[in-house]
Amino acid sequence: MSYFIKEEKIRFQHIDFAGIVFYPRFLEMLNGLVEDWFEEALDRPFSKMHETNGIPTVDLKVQFKKAARLGEVLTKSLWVKNMGGASLLCGFKFEDQAGAICLEGEVTLVNVAFKDNKGGIKAEPFSEEMKEKISKYVIPTI
Amino acid sequence: MSYFIKEEKIRFQHIDFAGIVFYPRFLEMLNGLVEDWFEEALDRPFSKMHETNGIPTVDLKVQFKKAARLGEVLTKSLWVKNMGGASLLCGFKFEDQAGAICLEGEVTLVNVAFKDNKGGIKAEPFSEEMKEKISKYVIPTI
Amino acid sequence: MSYFIKEEKIRFQHIDFAGIVFYPRFLEMLNGLVEDWFEEALDRPFSKMHETNGIPTVDLKVQFKKAARLGEVLTKSLWVKNMGGASLLCGFKFEDQAGAICLEGEVTLVNVAFKDNKGGIKAEPFSEEMKEKISKYVIPTI
Amino acid sequence: MSYFIKEEKIRFQHIDFAGIVFYPRFLEMLNGLVEDWFEEALDRPFSKMHETNGIPTVDLKVQFKKAARLGEVLTKSLWVKNMGGASLLCGFKFEDQAGAICLEGEVTLVNVAFKDNKGGIKAEPFSEEMKEKISKYVIPTI
């Protein structure tokens, strides 16, 4: 049972007129964290997966607790709160270098297959192999 | 008591490899809705406000219910669920042309003043004039 | 012979820490201008076209002449400097409300067809119908 | 005399419906390359500089030669073609892992100082110290 952890540096393109991260950029960083997790930990790189499958985000809850500024390096952590048949409830938090939480929340991802040359999608259960890989990141909320 | 309503067309820059809106782009559209509301309904355009003040998003909850595709025109609605002294809990929904909800949720905004040439921020109560303008958009959840 | 003209308002998501448009956002606005031109003037909406075809940008030259700030409304103009068999050399300029040019330049677009379910692309000549529609926007440089 | 070189991986947020990098994202990557060069090679991190100064892009020429796809790692190179008193003409190229050039071009940056709390800007010559650091990256075009 462990967190999936990556670092990301706050860049000029992320910040707004107030000099702090524009919050939709934080969600791009979250998407990048999920992307890295699928590639590095679950052996399912988006570059392969997205011809036939996707993992759309269906629910998102975020608390923005502390602004992040240009040049800061954030530590992004992801874990699984609950694994369903075709969905995952993941927890996440982004911390600054002093360990303060900039944002935290939870996101629900659904495993889907594309039908009819991307014209439609339907939920598809995770394979047993995927479930086993995912299970290493399950940290149930107490 | 009314909704603040704007339309937005789904453009090429919004969509991903699956041909649907990349969800951080939906949050840019939500930010744009808040921006329009402040300018058009509350007489507080970001272009004036952001020299001295801001309204950072501190909490966000979104359910993504239906994918949106290139060329669709969404109707974005915003309203106030609860007005605090220096914060607003707003509801929002984005509907497609058939009236189906693509996403809905709530967002908490805090009115802040910048201190020390943008080095710091602190919460600042809304003026009576702002409260009156905001009150027209209060639609309490039943 | 005429320009294709659209307006775009500078929004919070476009500007950077200096309070001016971050230049990659100007290129998103340029892409949007081409997108509108194809849909509104050439009857070839990206939402239809992108299943089988695309018009990638292969060459871009831009002079950024004047910063644009939050709240400004820019007038974006596009025209054709030269029409090749499968390519277009287009001129463009973005002007502020006082008529000052914020940016101007030229962009080369190539008409391509996707092969093998998006795995490859090849140049494809414009149809006679497309050529006729495009010809209305040809303004050769003197 | 050397190139400033960084790698960047193509991520889901960079690509479009055709599965290739949306070209404004390439310009974000170029901006990131300049940002890294200023921080790592010129000891002038944007996080410090942007309170009082900036280096806006005033001219950009790009040839897009080869599409880049999700998961590819590009090698981004930057060098100085000509150093003026307050401006730099830089060359750049992005290559894929096989050494093929995806894009190349040149960009003109101007060193400016902000006046009147960001209300205005004016060109400011580079210091001798900066010139010396920059000179290491001068590779004149033959």
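Per-chain numbering from 1; labels A, B, C and D assigned in written order.
Basically, a contact is a pair of C-beta atoms (placed from the backbone, for glycine too) under 8 Å apart; a residue touches a chain by one contact, two chains touch by 3 or more.
Model, not experiment: these values are computed from the prediction.
Asker: Starting from the defined contact criterion, work out which chains touch chain C and chain D both, please.
Answerer: Chains in contact with chain C as well as chain D: A, B.
Asker: How far, in degrees, do you have to turn chain B to put its CA atoms on top of chain C, rounded to the nearest 5?
Answerer: Answer in degrees: 180, to the nearest 5.
Asker: Could you tell me which pair, A-D or A-C, is linked by more C-beta pairs in contact?
Answerer: So, comparing the two chain pairs, more contacts are at A-D.
Asker: So the centre of each chain is just the mean of its C-alpha atoms; given that, what is the distance between chain A and chain D in Å?
Answerer: It comes to 29 Å between the two C-alpha centres.
Asker: Taking each chain's centre as its mean C-alpha position, how far apart are chain A and chain B in Å?
Answerer: From the centre of chain A to the centre of chain B is 23 Å.
Asker: With chain centres defined as C-alpha means, what is the inter-centre distance between chain A and chain C in Å?
Answerer: 34
Asker: Enumerate the residues of chain D that touch no fewer than two other chains.
Answerer: As it turns out, chain D has residues touching two or more other chains at 12-13, 17, 19, 22, 24, 28, 31, 50, 70.
Asker: Name the shape of the chain contact graph, picking from line, ring, star, complete and other.
Answerer: Its topology is that of a complete graph.
Asker: What part of chain D is in contact with chain B in the complex they form?
Answerer: So the residues of chain D touching chain B come out as 12-13, 15-17, 19, 22, 24, 51, 70, 117.
Asker: Would you mind writing out the residues of chain D in touch with chain C in their complex?
Answerer: By the definition above, chain D touches chain C via 17-20, 22-25, 27-28, 31, 50, 54, 56-65, 67, 105, 114, 118, 121.
Asker: Show which residues of chain C lie in contact with chain B when the two form their complex.
Answerer: 11-13, 19, 28, 31-32, 35, 39, 45-47, 50, 69-71
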